[in-house]
Amino acid sequence: MRFDGRRQDELRPFKVTLHPNKYAEGSVLIEAGDTKVLCTASVEERVPPFLKGQGKGWVTAEYAMLPRATQSRNQRESIKGKPAGRTMEIQRLIGRALRSVIDLEALGERTLTIDCDVLQADGGTRTTSVTGGFLALALAIHKLSGTVTFARYPITDYLASVSVGVVEEQAVIDLNYEEDSKAKVDMNVVMTGAGSFVELQGTGEDSPFTRSELESMLALAETGIRRLVDWQKNTLGEAGSAIGGGLA
Amino acid sequence: MRFDGRRQDELRPFKVTLHPNKYAEGSVLIEAGDTKVLCTASVEERVPPFLKGQGKGWVTAEYAMLPRATQSRNQRESIKGKPAGRTMEIQRLIGRALRSVIDLEALGERTLTIDCDVLQADGGTRTTSVTGGFLALALAIHKLSGTVTFARYPITDYLASVSVGVVEEQAVIDLNYEEDSKAKVDMNVVMTGAGSFVELQGTGEDSPFTRSELESMLALAETGIRRLVDWQKNTLGEAGSAIGGGLA
Amino acid sequence: MRFDGRRQDELRPFKVTLHPNKYAEGSVLIEAGDTKVLCTASVEERVPPFLKGQGKGWVTAEYAMLPRATQSRNQRESIKGKPAGRTMEIQRLIGRALRSVIDLEALGERTLTIDCDVLQADGGTRTTSVTGGFLALALAIHKLSGTVTFARYPITDYLASVSVGVVEEQAVIDLNYEEDSKAKVDMNVVMTGAGSFVELQGTGEDSPFTRSELESMLALAETGIRRLVDWQKNTLGEAGSAIGGGLA
Amino acid sequence: MRFDGRRQDELRPFKVTLHPNKYAEGSVLIEAGDTKVLCTASVEERVPPFLKGQGKGWVTAEYAMLPRATQSRNQRESIKGKPAGRTMEIQRLIGRALRSVIDLEALGERTLTIDCDVLQADGGTRTTSVTGGFLALALAIHKLSGTVTFARYPITDYLASVSVGVVEEQAVIDLNYEEDSKAKVDMNVVMTGAGSFVELQGTGEDSPFTRSELESMLALAETGIRRLVDWQKNTLGEAGSAIGGGLA
Amino acid sequence: MRFDGRRQDELRPFKVTLHPNKYAEGSVLIEAGDTKVLCTASVEERVPPFLKGQGKGWVTAEYAMLPRATQSRNQRESIKGKPAGRTMEIQRLIGRALRSVIDLEALGERTLTIDCDVLQADGGTRTTSVTGGFLALALAIHKLSGTVTFARYPITDYLASVSVGVVEEQAVIDLNYEEDSKAKVDMNVVMTGAGSFVELQGTGEDSPFTRSELESMLALAETGIRRLVDWQKNTLGEAGSAIGGGLA
Amino acid sequence: MRFDGRRQDELRPFKVTLHPNKYAEGSVLIEAGDTKVLCTASVEERVPPFLKGQGKGWVTAEYAMLPRATQSRNQRESIKGKPAGRTMEIQRLIGRALRSVIDLEALGERTLTIDCDVLQADGGTRTTSVTGGFLALALAIHKLSGTVTFARYPITDYLASVSVGVVEEQAVIDLNYEEDSKAKVDMNVVMTGAGSFVELQGTGEDSPFTRSELESMLALAETGIRRLVDWQKNTLGEAGSAIGGGLA
């Protein structure tokens, strides 16, 4: 039994509000327990300099926490003068993960920026950002497909993420802040709808982990992500019907 | 008749969600039409260096917009490396305004930071931040009063703010973005519950304004702010009962 | 009677040195009591990116204080790495105010940058910068008119600024530093030669102000600015003769 | 057969120069094929603010590449004004990894900073930095043990790192730049001498990877790191004899 | 004959205004031809961290140009975010030069900051800043000596500076901007009243210079600085009488 | 006799490793006693904006020290957010010095960037950087001459640099750190193979120096640089044969 009464393999309650933002091409407010992330997808009809003239698009992500998303207030990064190392690490992960299921040639010369702003943080903000960021991206591309004719549908598969860890000698899934601060291992896993790995980031700073602990965590992650992808399919409904379809 | 059908002196629908944040000592999500601002008040038991050892507290504010709060996406200020001039101007205004109804000696050696994060912007974000920031501040001090014994109640009066302007030769209140971009004058007014002025900032960049236009705008602002203060009293209820009471 | 013996409605002695800088297209050293501001106007035959190709010009301002312009030395903003919030707020005000009397279409695709560098500060640096900045701008455009044929004269009216406030329960004009630090209200007013308002910025941080105090301050400002505009007309002489004339 | 003729499980030639720096408490120049990293360990008798007064030490790492460490020259990060996201991500990884085999209480209130400066980069700079950084750290602590009496020897185990990946459908170890740019998966693994995992970072940006590919890569990494640890033991000789010994 | 009709060894007209700033402990406006530098000396009763508790004082300098001090406008360094390399090089030179004639032990634990702000630049701004900065420093220390009892007078000698160069095959002194831009060598010399060298900085970027050209330039510099020191003695009068006196 | 037993006019042992970097067009590791500098020359087929379209090339230098190049560790400049004043001063000197022997028209529209990274510092890092930077530059241009047909050979002469100073009343050459910290004068001299001066930078911060001390230092420098140039000729051999030859 875990601190909050969940089973070892039990995700926190997931909740989504679609279209919370009237300007963004796609947006969701995603909640995993007390973690709340506002994800917006913005479309711009240009690409970064390194991609100009190649007929390819780009997907990138930015991540930030509101100053009081956490138990004690953090200084704003605009005042520090630059994003912290942790922030950059997280947004690079989200961007890489989302691009793994996007066919950039099919997308054409446009950029989608996924902003993941954490309104409240209770563990798992990066994995929730991937899962919610995928939904915002999918909504924006579905909307785009109403005005743009894609040669192929640019989203090749579903994508979701969850954290796993070892807390008090037991492998558990979807750690909240309290568990996270007590975990000897913390691993973030991103997988596709087809069940392949996109990112695997495990850290045993306080205590290294064994191969068998790794196997237990991977098993939990695989099951959990399968459940998250099913939930994403229900959430998107019609807006997700072309995903992975290839021909648009 | 205005673009959105409102009368000249008609405020947009105001809506508030109390305590949207589980960590902050006080928090509200305030909406004025399509403008949505998340206001949190954070208490720290220390004061800035320039106030140390004087037995006085401090109230300060920070303001920011999420990148996609607006019609087209804005670059994050953490990436630009510093808050824009407009941001600093607005947060200095919010801080000054809130301090005008706080008895810093009564507050004691602690700092309240009011974060106003604009989730969606449709005009009037700075005035809505003042009005909502006051509510978050009042909730936090009410909560503090449960554990701290104040010599006097630190909030001396209510405080609210509204914009007024001249659009198509007509003075109007609480401009949305569309009106704002067409206004020849744009004035932000902050007033206390007692009806005194705290801030008056009027700008006629595109076209100077006459004394009589000024009088019309002031009249609208006075009526509108009276209405906002009444609404604040209802919103806070018991939590606002000691405001202006002097003795705690 | 005020600290320095002035009457309630009495401006400090104004003094101007024309053309103190041999390179700038227009320049003045303006003194209001012990406040000294060097204002230069620089012409560049290009416009900022957001105006390119629109056939319009631009007027912008920058403001700074020398480190020892004040009683105790301030750190340079180049060392802090960015202009302070106060600096940005002031230079945005000066720029907006100057643009209000410039016909940007008539000016053509060129930029005038007005630099206001405070050599010595004794209150009223921002209002003195507006009043002196207007003179430098007028000198530069007068000089330009010798080589460029304008369809219309680009300056539509005179422009001056003064501060007013309430000190020891009395409304006064043109506050020096000592008065400023004791004022319960501080208001900066910018008006055109025709008597319209361009900027009105009143702050009652320490103590809100009443409608009747506002009226007294506005009356003082209107009279004072009328006097400043007369003085500007004398100062510019022939160089100001086309201002507001419309046809060049 | 790989591009450079190596077998699938063959490491590049490893080479080390001990004590290349006459000032640092510990230093090595480590070479893995054409990748060359200068690692220095610096001891300071103080800890960061967040650790003050807790009787614990700290180990941190910094990573940088010389501008021409790569095929085309990169701009210096001191000129960009901040370390890039990639740099921060790497140095956070190196620091976390090294701390996993340090007993911070045993170390006492001192900080060891491991600088990993890449003189030439041909793939695997972060893993080579971990492996070489450990050697520099071990030399410095061995030197310290000559003057400081530790309650327990502060290094609890050996630590080494290697990259693995999937190139042309085949799992391979210790990728050089050419392989790295063609790999569909790139995974960095850090393990202790006892064979536990400290960090696992796998990314399949261009193409997700299967569970079976993951197993192949893990097997290669385990074997390779075992060989690296043996090589470290030979390299350190007497200087490593107390590692993991517990009692000093 | 030179461009402006001066002889080879003729300085430009020097002019000084004493005490142009009412707040600074010492200040001069120094003019060398059309080069105008405002020098202020500010006293603070503290020393930088690296000198704390050593019973010694510190003298440092800062240098800046107003944006329109030059023929075309320069961007402010506060907007660029940092002082340019040229600025730092110059202010380090001024500081070192001034410290060479200050007895830091005699000064006691206080800091004098000499700000050299160039109002108008026509060549020789750094040498004029040294010569004028010395005057401001001397005035401030003379003023200090009215309230502080120094064990020894802290100024050990006079100090002045001038530029020399080779223009059209001829060695000349005190180059203006036009000469400077045509010079094949440019050398800045700082000397004490006693005739010793403090700084010698010669650069032959466009064309190296011979030993005999060096001798000619040194001879010009020695004569010119002797004249400048005489002029400084007249300028300071009584305020300079204790310089080099040793006993206070 | 000096601290390390050298004669007054004796250089430290010079050593060079050619081509230590496999990517750079030219590179050397130069050692002067315990001072070690890695110099790389990078060729880019473009010029900075201020030179575009003029048919001329550019040579520039960057200088940095690894954090533990010195006795105690220094903070990285990428973390401070900008190069220190000392760094900028040094790299500006290196760049100017190298350009003095380059025929920029002959070089054509390309940029050579000379990076001087100090691996270990024991005095004389800037002069060693000039001497070694010239070698890297010469190697890169020699390599270029294999693929590019120059109208004239772009290197007009050899170039070397050495420090001289006065230590314990005696003029000495090529000071190491210990001498440098005890020197009353420190002068860096850069000269061409033909014996002309390119840079002369002498500083007598702690104690001004006389004309006769200057003469002694210049004599030492002239002899020492002649020796260094001979050594450079031997080092470059065939690769230096076209230097100063004019026709390519």
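Should a chain be cited, it is by its letter among A, B, C, D, E and F, assigned in written order, with residues numbered from 1 in that chain.
In this section, a contact is a pair of C-beta atoms (placed from the backbone, for glycine too) under 8 Å apart; a residue touches a chain by one contact, two chains touch by 3 or more.
The structure presented is a predicted model; accordingly, all values stated were derived computationally and were not measured.
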item: Shared chain contacts [chain A and chain F, defined touch]; value: D
item: Touching both chain C and chain E (chains); value: none
item: Contact-graph separation of chain C and chain D, given in steps at minimum; value: 3
item: Copies chain A and chain C - rotation angle from C-alpha fit, nearest 5 degrees; value: 120
item: Inter-centroid spacing, chain E versus chain B (mean Cα positions, whole Å); value: 51
item: Chain B-chain C separation of Cα centroids, rounded to whole Å; value: 29
item: Junction residues of chain E - those touching two or more other chains; value: 81-83
item: Chains in cyclic order, anchored at chain B, direction fixed by chain C; value: B, C, E, F, D, A
item: Residue ranges of chain C touching chain E (in the complex, touch as defined); value: 20-24, 27, 34, 38, 40, 42, 44, 62, 64, 66-73, 76-83, 87, 113, 115, 117, 119-120
item: In the complex, chain B residues that touch chain C; value: 81-83, 85-86, 88-89, 91-92, 96, 99-100, 187, 191-192, 194-211, 214, 218, 222
